[in-house]
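Note sheet for the following structure.
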Amino acid sequence: MLICKNIEVDFDGFKAVNGVDLTLDRGEVHFLIGPNGAGKTTLVDAVTGLAKYSGSVVKDGEELRGKKVHHIARKGIGRTFQTATVFEDLTVAQNLDIAAGAGRSPWALLRRRKHLPANVVETMDRIGLGKEADTPAGILAHGQKQWLEIGMLLVGDADVLLLDEPIAGMGHEERDTTGRLLHDIAADRAVAVVEHDMDFMRAFADRVTVLHAGAVLASGSVDEVSGDPRVQAVYLGTATDEKEPADAATA
Amino acid sequence: MDLFIGQLFTGLSTGSILLLAALGLSLTFGQMGVINMAHGEFIMAGCYTAYVTQQVVGDAGVSLLIALPIGFLVGGIMGWVLEALLIRHLYHRPLDTLLVTFGVGLVLQQVARDVFGAPAVNVTVPEFLRGGVDLLGTTVPKTRLFIMGLAIVAVTAVTLVLRFTPAGRRIRAVVGNRDLAETAGISSRTVDAGTFFIGSGLAGVAGVALTLIGSTSPTTGQSYLVDAFLVVVAGGLGRIKGAVVAAIALGTFQAVFETYSTASLAKVGVFVVIVVFLQLRPQGLFTLRTRSLA
Amino acid sequence: MRNFFATRLGTWTGFAAAALVLFGLAPLVLSGFRLGLLAQFTCYAIVAVGIGLAWGRGGMLTLGQGVFFGMGAYLMAMHLKMADAEFRNGPGAVPDFMELAGIRELPAYWAPFSSPVFTIAAILVLPTAFAVVLGLAVFKRRVKGAYFAILSQALAGAFAILLIGQQSLGGFNGLSRFRYFFGYNLDDPVNQQMLYFIAAGVLLVVVAIALQLRRSRYGELLVAVRDAEERVRFLGYDAANIKVVAYATAALFASVAGAIFVPVVGIISPASIGIVPSIMFILGVAIGGRASLVGPVVGALAVAWAQTALSEQFPSAWTYAQGLLFILVIALLPGGIASVAALTKRFQRTPAPVEAAA
């Protein structure tokens, strides 16, 4: 679905992402984990066109490198941010309606909305906000904002979702709801989740990629990855050999 | 060749005036993203400080030397008060701060008008700054040399303070990452107040110096403000180095453009150059890298 | 109340009431002189509607509306001067101020403005096109917030200085002393009243356009861009284009206002379009309520009225008042007068339905 090859992001000589290969497949919830500064968010920035990089990102046979942020979004790649970013002054319905309308003609934009599009109504129920259609997004609870942001990607017909810490600040129940939602939407999409929470990862990951110092340390199922001694070393803080991650990336 | 050197010199001189006016802005705008439209009135306050000092002291040379530190204090205190009373309460509303401080500027202008009158006043140039010096075949007014010298001193002083004093390190920490600096136990409030004091003090110094090359009226500061802002915009946020390069570049451009065309077209030219420049480097000459989205 | 005005019937009622006041009541109770003043204030109000759209809804603090106001004004003034000159001395004649300045030959760029159609087209197209080009240059590069505000202000400064340098546009003194407006004698009180009706009519049209933009999907999108521009970009929109539309619309409004201002007031000079007049346009919008529809209109009218009433008698006090209004309104009441009504309403309504969201 989405194939990243040899991504490198260079911040004034510091390689925040250093030769990462990553493939996201339809039907999978793919977790990206790793210590702070491992390059997870920067990788998402690169794929979505925010950070300049070398290497290649191909979706459905089309190279995305060098395209503008909004063009990449139109290709069906949606992302969320660490702090949920919704349009606080607009209602839930308005938020979703905007997200659903990136392809509208100027003429359609200049007219009033007569009815909510069907997929907006449907998505509101799916993300548990069916009763909040006319609530301003600014007064939603923290977790609801994150669901709304995911919902905005769904109505926008994104089929590759890159979610940056979607459960940050959520309680137990909300986490489980979110996890089930992720699986539900991954049925016909590729979902990548940047996350720190290991329990959440174990419960809901189909596949895990561990990043460390800008490179892929390990990739596989939850069991494969948690059994990997290099991963354990990184998380216990004993891996200091600079060469190791580079070796791992080629493995 | 003479013409070239003459122009280069005019450019450097115009540039150092711009730089003096913009240096303080670069600190306050750079650090807090706050646009202080009253900065021009702080410059104006510096001008009147020089004028009043001369009325009191009499001797032009002595009063200039006294007025420089007093001007710094006057500007600094005004800035400090403004920060404490208004700007501090308007963080996260940078555009509103711009308009509020414009209102403050209006009030200050009117105060100056009521106290000193609307007509311009003049400060006598000290004996030792009258006339010119022959330099590389052109005659350069001593007042211009003095302003250039002052600009160099001011930039050096600011750089040294930022780099080598504990207060300066705190300022740089807050510029780099406000939240992180707070976590590290730096009170960003104190730092902001300090920065505003220094930045506004520099406006006062600039005002004192500007009395050497022009007369002073309540709207004196306003005329320098927009150019000073353009320097900061082109130079990039929070970078003294950027402000220096941008000031000299814009000063030289303006000087050269004026010789081949008119002063009014030069202003338009500067605007066009900046818009074109922002096409190439939207974040200014030298930018700090941060990981934030905005 | 608010809900009523949001309905179709309410909208028409609002417009009908406004039309009744502007076209019926005002000419009845105001003397010719005062009606002329109201026409002038109405021009400011038209500018204010555009600023409300660009700044209040779109978050673009445009400190340079004087540029577009001035463009419209000068374009109209050029036509009026040409028409006067032709009326006196036949086709190709040089306007009176040029004779005084010693310009014998009509500058080439003046010639087309003898045509009323060309002039009106230029007033509608030139400033708007300029705003589109400038907006694209600036917004595509994501220059925004304070940077944009400063650039727009610098533009106003540069434009005023440029005009002062143009002797063929009257230089520092600008253009004044117009006798005819598309053939109608401007000294005739009836024609002055007609100008007022034109201004009032344009104000209603402009408000209607702004209303449609606000209620459309575009209006929601504009607010979204104001509050979270990057989020909009990541949803697949080109945020720059969305901003350009609002910016260019505001420019168009300002240009039309300038064009009406010239025959009403009888003079346009660089002094009324530079940095300070441009930022003064903002004051009324801020007081009335930047994000509301009617707020900017009311605010602009009120500020212009206060300025006329106070500035000659108490020039010093009026400047203090202006400064303090900027400080107090924006610091303490950023939503302007319009938000007072909304605040009290929210206060009354809180107990009932909002709780469900918590």
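The letters A, B and C name the chains in turn, as written, and every chain counts its residues from 1.
In this text, a residue touches a chain if its C-beta (ideal position, glycine included) is under 8 Å from a C-beta of that chain, and two chains touch if they have at least 3 such contacts.
Nothing here was measured: the structure is a model prediction, and the numbers come from that model.
Colleague: Decide which interface, B-C or A-C, involves more C-beta pairs in contact, and give its chain pair.
Modeller: When B-C is set beside A-C, the one with more contacts is B-C.
Colleague: Farthest from subunit B in C-alpha centre terms, which chain would that be?
Modeller: A
Colleague: For subunit A and subunit C, let me know how many angstrom lie between their CA-based centres, rounded off.
Modeller: Subunit A and subunit C have C-alpha centres separated by 44 Å.
Colleague: How big is the gap, in whole Å, between where the Cα atoms of subunit B centre and where those of subunit C centre?
Modeller: So the centre of subunit B lies 32 Å away from the centre of subunit C.
Colleague: Can you tell me which residues of subunit A touch two or more of the remaining chains?
Modeller: Each of 81 in subunit A touches at least two other chains.
Colleague: What are the residues of subunit C that contact at least two other chains?
Modeller: 230 - these are the residues of subunit C that touch more than one other chain.
Colleague: Taking each residue of subunit B in turn, which ones touch at least two of the other chains?
Modeller: Within subunit B, residues 293 contact more than one other chain.
Colleague: If you look only at subunit C, which of its residues touch subunit B in the complex?
Modeller: The touching residues are 59, 61, 134, 137-138, 141-143, 145-147, 149-151, 153-155, 157-159, 161-162, 164-165, 230, 275-276, 279, 282, 286, 316, 319-320, 322-327, 330-331, 334.
Colleague: Give the list of subunit B residues in touch with subunit C in this complex.
Modeller: 29, 33, 35, 86, 89-90, 93-96, 98-100, 102-107, 109-110, 113-114, 222, 226, 229-230, 233, 262-265, 267-268, 270-271, 274-275, 278-279, 282, 293-294
Colleague: Touching subunit C in the complex: which residues of subunit A?
Modeller: Residue positions touching the partner: 48, 68-71, 73-74, 78-79, 81, 85-90, 94-95, 97-99, 101-104, 108-113, 131-132, 135, 139-141, 152, 156.
Colleague: For subunit C, which residues are in contact with subunit A within the complex?
Modeller: Its residues touching subunit A are 212-213, 215-218, 220-221, 223-224, 227-228, 230-239, 354, 356-358.
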